[in-house]
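The same subunit A turns up in both complexes below, where it pairs with subunit B and then with subunit C.
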Partner chain A sequence: MKPITETNDKHSFSPCGRLSSESLLRKTGQKKLKREIGMKTNKSSIAGITMSAPVIIMLTAFLIIPIMGTIYFSFFKYQVMRPDAKTFNGINNYLKLLTDENFYIALKNTVYFSILVVPFQCTLALVLALLVRSKMKGVAIFRTMYFSPQVTSMVVIAILWVILYNSNANTGLINAALSRIGLGPFDFLNNPKIAMNSIVFMSAWQGAGYQMMIFLAGLNAIPSEQYEAASVDGANPVDQFLYVTLPGLKNTIKYVLMITIIQAMKLFTQPYIMTKGGPQNKTKTMVYYIYEQGFQKGNFGYACCIAAIFFFIVVILSLVVKKLTRTK
Partner chain B sequence: MKSQKNNRMLARFMFYAGNALVGLIFVSPLLWMIAASFKPEIEIFANINSITTFIPLHFTLGNYAEVFSRLNIPQILGNTFGYIFIVLLGDLFFGSMCGYALAKLKFKGRGLLLTLVIALMSMPVEAILLPLYIEMAHLGWVNTMAGLALPFMINCFSIYMFYSYFLDIPDALIEAAAIDGCGHIRTYFQIVMPLAKTVFATVFILDFVARWNDFMWPFLITTGEAKRTVQLAVQAFFGTQPIHYGAIMAALTLASLPMLLIYIFMQKYYVEGIAGTGIKG
Partner chain C sequence: MKRRLMSAILAVSMTASLAACGSSSTPDGTAASQSPSTSGGSSSDAIQIKIWSPTDEVGVENWWTEKMAQWNSEHPEIQVSREAIDRADSYAYENKITTATTSNDLPDILFVDGPTVSYYAANQTIIPIDEVYTDEDKKDFMPSSVQQNTYDNHMYAIGPTESSVALYYNKDYLDAAGIPYPSDSNIEEAWTWTEFYENAKKLTTSDYVGTNIIMDKGEGLIYALEPFFLENGASFVSDDGSKAEGYVNSEAMVETMNYLNKFIKEGIANIDPVKDEFLNGKAATMLGGSWNIADLEKSDLNWGVSYYPVSDDHKAASPTGDWTAAVTKDCKNPEAAMEVLKWFFNTENVADYASAIAKPASRTSSYEKMEGWDNGVRALFLWQLQNTGVARPSTPSYSVLSQGFATAILNVFSGTDAKSELDTVAADFEEDYETYYGN
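Then we have the complex of A and B:
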């Protein structure tokens, strides 16, 4: 993430400018000028508020109120089918959550998915970026190839892979390919032991193009002199990668890790379309559980309690990673 | 000298051969999807064990005809483009205006607003969908275009992108306009906005692809067919009898091709949107 404090500093009105106009005022003592400048900032203030007003209104209506709503409803027993049946429940939802086995399963599945998908997807993205970093003719075609699953929607990809993952080697493309090298057939989506791994593999394939683009920008920012110096010193490609590329990508890697972790925590569409959270709850994630409790079972209050915890976890995670990223 | 030339030839060969191999394996699921969409139903799984499964041997457009006859395509596209249009209006018009105000104008609450925008940028929207749904229900907006699109008209990420772009516009330019008697709002629309085409194009394509591909919110806020978007239609088509895999593949292809084309034509801005935000710092 961009170092925010830096841009703030850049923005704040330059002290020299303010000083000079103040001293100008003091010197000339012209009331007229003072009034004009006063009017100007006043005008700027009105314009600023006018121009931000639509955003302020919508930000409040569609982000801030719902955030407060999540926290507010998490203290209520609120059945959607009976809107009058909203009763204050204190911290009982949270207490229930502590002993809810399904919540721990969802948490565990989300963490499991993240731990597998983050390193896999980021490594894949880095490899792809290294493959297409050259400026040779036609490289744009290869970049488009690696990026194409990313512009295809997750819904499309998930449906396609349900068909590709078919357990029958005569109808599933992947099992057909594996049977050629003497493997399988695997029941990718119905075997509780591998169902989540199948989703990990597919998600990394779909998402890697995004991180590849970020890595490419990072690679382009490494000065070519560093590579020239390294090759003069007789460094082989592996050394160059370890001692020039990786250190040069340090900040990019941190940023990529952060966005990939946060993205992974939100897993929903893939299990919803491919496995419905099954088999044996092995692909039920936190967002899936929020959806199930809130929209399928109608326990809005309890679902908001899960959502509040989810919100808290993601915010803490992003703060931690942001802090790690900032240290140079 | 000669060995150096040979080395370069080898590097070239490795680059093309390696990328062609990895690239083809990488896109093979999508190639298979497109190929299957042009095959008669019985051919789709017939030669799955052979490489010819990637080629439609008996080319047909029948699957596409089936999709068009079973789905109300104008309605689906109308809903999707309506949704995208409203979101873009909010993001490009209101979002950019706010980004400019944050970057160049001094007003009360500016610091607070900027902090909020930055803090809300990484907020997981999944955590607030339930209360947002209740809010829409209270407003009577469930299963309406307003309920679908209005909550996503403001995107903190876009505001921040506009903000950081406008920071780099020289103050002298704005001051010159002010001396010419140009008000702040007019200065923005007549002088600053035309200079910022790149960032507008970037936000446009990021929003367009994100909204076209969006699933969870449209899935929650709409019921039935009247207001459903492309992704919902595709998802419903997958589970509707009769299950014809050729037609499903045609529907998947139809849902993906527009984005692929947009990406190919606006690649520069799209990549800038993804990479620019992370790397600048």
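Then we have the complex of A and C:
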């Protein structure tokens, strides 16, 4: 850069005779520079493209094209068993959706589940993380135990909980235990008033282990000096938690909240295995409703329409959560 | 060093577990496949015929292995392979068919549940196979089987077995309650609705329930419970399968639904029965299929079988229908596939299949090669099948009807109004039929 600048400054008012050779030199220099920059740019962009290509290809193949496909098919009357006989249906699917009572029920159930499970699961995870943070001997066993539901298939866990939740005290473990202390039996999965709460409880139990590990990493990142300083200032454990731990975990909490909300909105396996969306539609979630319409009833076009709307709901919700939790 | 050792152990165990997954061929595997190379000789230009069917009991799985090996060695020009897919007491298998249809990836031969033949046929997922049946075959197959496999005057499927449901009872529990055993030789003495309800109520104790009426929470509901509705004079859809309004939500349907609900509401039957509830002595009676015989015969349980309960005015009906094989639209060699079907479901093979799972054979001629069906408990199932058997509704909107009915009855069992639930089933059916099959 420097020689060219100098050349420019020095010879900008030179006599005409020398101007041509000077300007020629200048032009040659610029070209060279441009070529060098261009080569560098080309090299770095090729490297950039090469490195991001796998992700871009995967995202395009498994995310962007399916989303586009979903939106495209949402404008069709499409019986799932007859892909060749689909017909364009305009915005009729969307108009039907506006008056579809089940859609609103599913949306309400999904929101209800999220509102309950997010604080419950996050609090449980934080409590577990605080418990297993200590350097006690054998604490790793507890960490593994709390994390183990996370590495087990949700289908397996859901089937196990169906057995645990069985309404008969002779066959259901939880009701058998409750009957010993004179409670129950409770029809955990068939009573419309408590079915969703039962799913909330088992979901939080299953999912808390993962959040616990994230909280644990966040807790370990808080410098021990802060606790020492706080205790010197006379802070008791509660004060330490409120004024050292919580502020130190601020970013971790935001991240955990975000992923838990998105996971909660996608609830499907538990109602599919445990309640089939019942009783009385009380556990029918958005994703379950999409499945029901698309696979069980064969209304693929309409299922795509619900999926498209649900996609926008989740995107908007994520943006709102992100904005609300943004650090200034 | 320690870390390296741990890594090595982990790597070996992961490889072992992956290898175990890859070679899964147990009946419990989610998708075990049986290929021609393992069961017979194959050449590269041989026509490949692929079969999908649900994972089945060990006896049936062995039947497949044995028959495929025999076919593949005798027919080098047509090689058969099979993929066993788990149903998981739900609609998992049907979901796989649906996804394969959208991507044109169906196998050549597909097992489908009897009443869904009309659904798949109406949607052209399966093709007519009239050539498979000779005139003698049509006479040889049970009428209920022919009826189930026919749609629009064409044969669309061929199946090895039929099915029936009867009332199993625990003799010790009946003795303890002072209830005489129901008849196993005269349907006139079968338990009526009132007797079934009252006896089941009397049999219920703190240790076991009076009966088990829930086979599963999917297709099993309409399959096992439909006869109650028919005995009460109801029908699910019109004769041509095009209307449900006024049928599935009729007064007789509501009345029957309320009758069945009494069992759940009063704790006489569990809405969530544990697996093998009757076998484990947790239920005094059970509406069970003939396929339960094998396990019960092996157990120490003191049990008996009587007829499916009849209405108070002695109208009798009993479930029929079973899984059946069809050729799909994606089959490249329908002629070869039909040849395969003809051989796999000939008299002898049907007899072997039916014996392996204790289900009634679909061919009358097969009974000559089967033991135990001329007397005893198996004979009762066969008698029911031939005399009181009724097919499930035949309609292209069957899947909407079946799933809607399952949801409705479970909702009623959890406390909703039967009429409004059945109205929803009727409305959903009408909408589906109107949208896709109406003119």
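In the analysis below, the second predicted complex is superposed on the first by the 264 of 328 C-alpha atoms of A that agree within 3 Å, B and C clash if a C-alpha of one lies under 4 Å from a C-alpha of the other, contacts with A are read in each partner's own complex, and residues count from 1 in each chain.
In this text, a residue touches a chain if its C-beta (ideal position, glycine included) is under 8 Å from a C-beta of that chain, and two chains touch if they have at least 3 such contacts.
Predicted, not measured: the structure shown is a model, and the values here were computed from it.
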item: First, second, both or neither for A:K108, with subunit B first and subunit C second; value: neither
item: Subunit B versus subunit C as contact partner of A:V314, first or second or both or neither; value: first
item: Touched partner set for A:F295, first subunit B, second subunit C, both or neither; value: both
item: Most subunit A residues touched (candidates subunit B, subunit C); value: B
item: Which superposed partner A:N170 touches (first subunit B, second subunit C, both, neither); value: both
item: Which superposed partner A:K86 touches (first subunit B, second subunit C, both, neither); value: neither
item: Intersection of subunit A interface sets (partners subunit B, subunit C); value: 162-163, 170-171, 295, 300
item: In the complex with subunit A, residue positions of subunit C that touch it; value: 90-91, 94-95, 98, 101-102, 104, 119-120, 123-125, 206-209, 217-218, 270-272, 274, 277, 282, 399-400, 403, 406-407, 410-411, 413-416, 428, 432, 435-436
item: Residue ranges of subunit A in contact with subunit B within the complex; value: 1-4, 6-8, 10-11, 13, 40-41, 43-52, 54-56, 58-59, 61-70, 72-73, 128, 131-132, 134, 136, 138-140, 142, 144-149, 151-156, 159-164, 169-173, 176, 179-180, 205, 210, 213-214, 216-218, 221, 251-252, 255-256, 259, 262, 265-266, 268-269, 273, 287, 290, 294-295, 300, 303-304, 307-308, 310-311, 314-315, 318
item: Subunit C contact footprint on subunit A (complex, rising order); value: 77, 79-83, 162-163, 166-168, 170-171, 187, 189-192, 272, 276-281, 292, 295-300
item: Contacting residues of subunit B [partner subunit A, same complex]; value: 12, 15-16, 18-19, 22-24, 26-27, 29-30, 32-33, 45, 48-49, 53, 90, 94-95, 97-98, 100-103, 105-110, 113-114, 116-118, 120, 122-124, 126-135, 150-154, 156, 159, 164, 167, 178, 183-185, 188, 209, 212-213, 215-216, 220, 231, 234-235, 238, 245, 248-249, 252, 255-256, 259-260, 262-264, 267, 271, 274-281
